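Paired with subunit B in one complex and with subunit C in the other, subunit A is shared by the two complexes that follow.
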Partner chain A sequence: MNRPAPAATHQPVTTAQPTPLLAVRDLNVRFQTDSGPVEAVRELSFTLAQGEALALVGESGSGKTQTAMALLGLLADNGRAAGTAWLSGTSLLDMPEAELRRIRGARIGVVFQDPMTALNPYLTIERQMTETLCLHRGQSRREARGAALRMLDAVRIADAARRLDQYPHELSGGMRQRVMIAMALLPQPDVLILDEPTTALDVTIQAQILDLLGTLRRDLGTAMLLITHDLGVVAAVCDRMLVMYAGEGVEQGPVAALLEHPRHPYTQGLLESLPSRQNGARRLATLPGHPPDPRTRPSGCPFAPRCVHAMAICATVRPAWEDESETRGRRCHWQAPETGVETGANA
Partner chain B sequence: MNGANLLEAHDLAVHYPVSGGLLRRRRWLRAVDGVSLSLAAGETLGVVGESGCGKSTLGRALLGLTPIHAGTVALQGVDLTALSRRQLRAHRRHAQMVFQDPLASLDPRMTVSQILAEPVRIHEPAMTRLAIRARALALLERVGLAPDAMDGYPHEFSGGQCQRIGIARALMLRPRLLVCDEPVSALDVSIQGQIVNLLQDLQAEQGLGLVFIAHDLAVVRHISHRIQVMYLGRTVEVGPADAVFQAPWHPYTRGLLDAIPEPQVGARREPTVLGEMPSPLDPPSGCAFHPRCPRAQARCEGETPALRSLSPERAVRCHFPLDPPSVR
Partner chain C sequence: MDGTTSGIEAPRPVIGRGLWSDALRRLRRNRAAMTSLVLLGLLVVAVSIGPWLSPNAFDGSDWDAILLAPTWTGGHWFGTDFLGRDLLVRTLHGGRISLLVGLSATLVSLVIGVTWGATAGYLGGRVDAVMMRIVDILYALPFMFFVILLMVFFGRNIFLIFIAVGAVNWLDMARIVRGQTLSLREREFVLAAQAYGAPGWRIIARHIVPNLLGVVMVYVTLTIPQVILVESFLSFLGLGVQEPYTSWGALVNDGAQQMEAGPWLLVFPALFLALTLFCFNFLGDGLRDALDPKDR
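Showing the complex of A and B:
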C-alpha cells in the first residue's frame, strides 16, 4: 500500500473531553548548528486534557525534552519551533518572550531532572518558593509564606517551617525534588511539565516521589506532561503515552493498551528489550543498531534500519500518522496484527 | 593458587578522613565498613545498593585503586594489601575496570588505537607495535566495532560504541577479573541489552570473573550468579541471584525490589522503605537501616546485627529477617 511521501497533517487523537487543555499540532523544532540544520522534533502532534497525565516516552535524542523546551520557550538560541501549541486559547509558540515567561510561572509549572541546577543555591527555600507569588500575584510575604508552607505539607515534607529557612544544599536530593514540585505547583498551574523527574534519584526515593505524583494528581487535578525514558515510571503515573523516536511521534494510546499490545515495531522492541520482562532468558533480546544521527536522517522511516518488519517502502517513504482507533494511532507502514487495538479504550 | 577463588575480600574497610565542624574534629567516613566477598572465575557477583552505600568505593578497593584501611583483598591468591606500590601496579593488570560514563573515561585527544595500546605499552613494554595493533584489531572486532574505528576519536562514537571501546581497552591486558561500575546506566534501554550480552559472551569465552556494580536490579538479576546488597557501607544480604530476588530475607532488599516501577499498569505498590538514606558520617545506632525499616523493633536500635548465614549459600544482616519469605 502506497502512502503519500510528505506525511499529511494528522488530527490529534482526542479523548472524550471536548476541547483539550493543551493542543500541540505539527510541532517542528530545528537547530542551526555548525554542521548544518538538525531537526530535533518533526511533525509532532498531541493533546492533553484537563486533569490528564500524558507521557512523552523516548530514548536520548528522541526529541522529548526539546518538545517541552519549545512549549516553555526555553529552546537554545540556535533553536526554532514551528507549528502550533494552544494552551486553552493561548498560542504558546508565537508569544513574546516576556509574556511567555509570565505564563511559564503561572499556568505551566516545570520540574526538571536535577533539582540542584534548577534551584538557586544562594536563596533560601522560602525566597525561591514565594518570589513568583509576591512578584506576579501581588501577595504579601506573610500570605506567600503561608501558601508555601501548605504546599510543602502537600508534598509531604516534614518540618516544613524549618525547611523554608534552609538553603538547597542543606536538603537531600529527594527533598529538593519535593521542593521543586511544590514550587511548580504553588501558582496552581494548569499543566505541570515533569522532565525525567525521578531519573537522578535512588530507587526507594523514586518510589516515594512517584507515589506523591499520584496523590497530587488525585488531590489537585493538575494535568501532567511527563517526559521520561522509563516505562515503569509511565505506568506508575500516566493515563496515555506518546512514544517518540528520532524526533517523531511513532505511537500513541492509553498506557495499559500500549504496554500490553504495542503496535509499532519500536515500541515492541523497546518493551521486549526490558530485562524485567525477560526473566530466565539467557540472552537479552535487544534492538539491533542505534538511533540515526539527526544530521543525516534517512529519507524514509527513521526506525527502518533497526526494524524487524522493514519493507522496501520503509527505506524511501516516510509513513504518515494514522489514527487506528478512537484512542490509538501510529506512524508505520507495517500492517500490525489487529490484537489489542480495541482493548485500549479503557486505560 | 591452591584452588583459591579468583577474588577474596575479608573485612574490607575503606575510611575517608573528613575534617570540619565547629571543633575541626577529624571524623571518619566509613565508606566501606567490613565487607567480605568472594568470586570464582567465570562467575558474576552483582553488587547493588543506592548512592552512598559504598558500592563504587568497594569496586575501587578491589582493584587496589583506593587506600584500604583494614582487611585484605586477594586477587588470584595474592593479597593486594601486602604488596609494594610497584608490585601492586604489576599485579593489578589481572583486574580491569569498566566505567559508567564511557565517553568521560576515554581520553578525548587519543585515537581508539592509542587508547587500546596504552595499557599494553605500560604493562608489556616488550610487545611490538604490530602485535599490539593485531590484538587491538581482534578485540575491536570482538566487541562489535569495524576496523576503521581504530583511527577515530571518542567523540565520534555513540555512547554504546564508547562503552564497547571501554570494554575492549579493559580486555587488552587479558585480565581475569572485570569490575564494572554501572556499565550500562548511562546507556539507552535499547543499547543496554547489547552491552550486557557482550559482557556475558566475553565471560563465557574467557572465564572472566565479573563484579557488576549497579543500581538497576533488573539488569543485575539478569547478569549475576550471586548478589550482594549493601547499605551504608555494609553487606546486608548476600546469596544466589534468583533466590535473593524471589524471596529476599532483608527488609531493605525487599524494599528495593518493591520500589522498582514495573512497566505494567496497576503494578504500583505503596513504597515500603520510607525516609532517606542517613548520612554515612553519622550512621544510626544498631542496625543502620532501622530508621527506615518497616519491621524495626526496639532491639534494632540498640544492637547491631551480625551477618548471619542462615543457609550454606545465603547470609543476612538482620535481627528479624523475612523468614519464611512472605508471598508476593
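Showing the complex of A and C:
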C-alpha cells in the first residue's frame, strides 16, 4: 500500500490463537466510477481463527459483500482493493490471477445468496458439484461423484443418488441451498464464505439450514465468514460478529456480549429495531434517516447524522478504532457505559 | 409404514427431466415443425439415393428427348431440359449440392461465429471492442467482391462457395452469440464458477455455451435457408457450380431463361427450393418456441 497511513492504525482483534487463519487489516475497496472514486469499504480489519464463525453484519450497501469479493479477487473491473489480507501467511490482495484461481474453491469456498440463480440451469447437479473436484484435485467423474454423494448425505438431502442426476429447477429452494453448501464444502476449504445464505429461503427452511451449518462446523471444522443482515442468523450460528456501517467496521466482539451489551449506537439501534415479543404490540423502533451515499460521504463519523449520542466532534473527526479488550473493539467517540446498554432485545 | 394395507403406492421413480428433453416434447407438439422435420428428412433421403434409383443420368444428354413436357409415362416425370436431360434427376442431384452447401456453410459459420462471439462477449473490455470492430469491418466488405476475388484466385470450386458463404455468415452468428454471452456473463452461476476457481475457457465451454445452444440452434435453422438462397443467387449470376453439376439456384436460373419453351424447367426446381426454405423456417420457429424459457 503506497498511500499514507491513516491517523490511527488498527490492531486486529485476535482470539486466543496466535496466528489466525484469515487476517485482514485496513482493507479498502474502491471503485472508479464516472462520478469519481467511490469507497465501498474503508479500513476494515478482522481476523478469523480456525474453525471459528464470524458474522459480517450490516444493512444493504454497507460493503459486506464487497469485502468478500475483494478477498477472492472477484471485484468488478473498476474495483481496487488495498490493505492486507493474509490467508495462513499468504497475501491475497496482490496475488496473481492464476494463483488466486487455485485458492478459490480449494481454500476459500463461497455460498451465494440466491440458490435459484447461482446454479446453472442447463447442467445436472452432479456436473456442477463434480466440477470443483475435477478442477482442483484432478479427480475423475466417478470419484468425484462418490464424494458428491457423500456430501449430499452430509447436508441431509434424501435420495442423494437420484438428486445428482436432476436439474436445479427440479429441486426446492432449500434443497438447492443445501446443494450449494455441499458444493462449496466438497474441496474442503479452510474458510467458507456465506453471503446471506438464508435470505432467499422461508423461515422454516432457514432454521434447518442454520442447524446444518452448525453441525457442519462442528464436524468439519471449517471456519465460516457469514455475511448477513439478520441478527437471528448471527445468534444461531456465529461466535463473533463484526458490525459494519457505510463500509467501516463499527463494533466487533463475541456475539453474546454484543447482543446483550452493545457499545456502539448503531448496534444498539439495530437491536432495538428487532421486533420483540416482550415489548408487545408496539410500534417498531427504527433508525431515522439512511446510510450516506458512498459518493458523498461526510467527514467525521458516517453514522453521526443518525446517532442519538452524536456530539460536536462526531461531525468533524472520524473516530478511530479502539480495542476495548482482547475480544471487543469499536469505533466511536461516545463513551458507552462500561457494561454497554441494556436494550431489552431478544439476544 | 405399512405398505401392504395402507393403499399408498410407492412413489414413482424420479427421472431427471432435462431442459432438452422438455424442449423436445414441446417441439413434438408443434405440428408445423414436425411436418417440416419429416419433409426435410424425406428430402434428404430423396436427394441422396434418388439419382441412383433413376435410370437417367443427371448429365446424360438425350437428343431425342429435348424439352419434353412432364409425363407419367415415358420415364420423365419432371420433363427434360434443352439438352434432353431428365429434370427430376437433375433436381435431386442439384439438391445435393444446395443442401450440402447450406449445411456445411452453416457449420463453418457456426463454429467460427460461436467461438468468436463467446470469447469476445466473455472477455469484454478492449478485447471485445477489437474483436467486434473486426466484425464490423468485415461486414462492410462487399460480399460479391469477396466471392469474385476467391474465384479469381482459386478457380471455380464448389468448396470455395461454401467457404465463401460461411465466411460471411459467421459475422451474424458472432454478433448474436456475443450479445447472449454478455448477458449470460452477469448470471450468478458464472460468478459462482469463478468463485471456485474455474478458468475462463472452462467457464465459456461448460457454462456459457450450453446456455447459448438454444439461441444458436434456432439461428442455425434460419441460417441454412439463407445460405441456400445465397448459393442460388451466386448460381444465378453464374458464379456457382459449373456445368454439368447443378444446384437449385442454377436450375432456377436456367429455368427462368427458358420459361417460354418449358415452364416446368422453372417450376419444379423453384418448388423444391421454396419447400425446403419453408420447412427450415417452420422448424426454426418451432425450435424457438420450444426453447423459450419464459414458456416453462
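We take it that the second predicted complex is superposed on the first by the 329 of 347 C-alpha atoms of A that agree within 3 Å, B and C clash if a C-alpha of one lies under 4 Å from a C-alpha of the other, contacts with A are read in each partner's own complex, and residues count from 1 in each chain.
Here is the rule we use: a residue touches a chain if its C-beta (ideal position, glycine included) is under 8 Å from a C-beta of that chain, and two chains touch if they have at least 3 such contacts.
The shown structure was predicted, so the numbers you read here are calculated from the model rather than taken from an experiment.
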Query raised in the report: After the subunit A overlay, clash or fit between subunit B and subunit C?
Result: fit
**Report entry** Which superposed partner A:131 touches (first subunit B, second subunit C, both, neither)
**Finding:** second
Query raised in the report: Does subunit B (first) or subunit C (second) touch A:143, or do both, or does neither?
Result: neither
Query raised in the report: In the superposed arrangement, which partner chain does A:204 touch: subunit B (first), subunit C (second), both, or neither?
Result: first
Query raised in the report: Counting only touches as set out at the top, which of subunit B and subunit C does A:273 meet: first, second, both, neither?
Result: first
Report task. With the two complexes superposed on chain A, say which partner A:322 touches: subunit B (first), subunit C (second), both, or neither. Result -> neither
Query raised in the report: Between subunit B (first) and subunit C (second), which, if any, makes contact with A:118: first, second, both or neither?
Result: second
Requested in this report: Considering only C-alpha atoms, give the closest distance between subunit B and subunit C in the superposition, rounded to the nearest Å.
Outcome: 8
Report task. Within their complex, state which residues of subunit B touch subunit A. Result -> 50-51, 158-161, 188-194, 196-197, 200, 215-219, 221-222, 255-256, 258-268, 270-271, 273-274, 276-277, 292
Query raised in the report: How about subunit A: which of its residues touch subunit B in the complex?
Result: 59-60, 172, 174-175, 202-208, 210-211, 214, 229-236, 255-256, 259, 269-271, 273-279, 281-288, 290-291, 347
Report summary line: Seen from subunit A, its contact residues with subunit C in the complex are 72, 74, 77, 100-106, 109-110, 112, 114, 117-124, 127, 131-132, 135-136, 159, 162, 165-167, 169-170, 180, 183-184, 187
Requested in this report: Spell out the part of subunit C that touches subunit A in their complex, as residue ranges.
Outcome: 13-14, 16-19, 124-125, 187-189, 191-199, 202, 206-207, 210-211, 293, 296
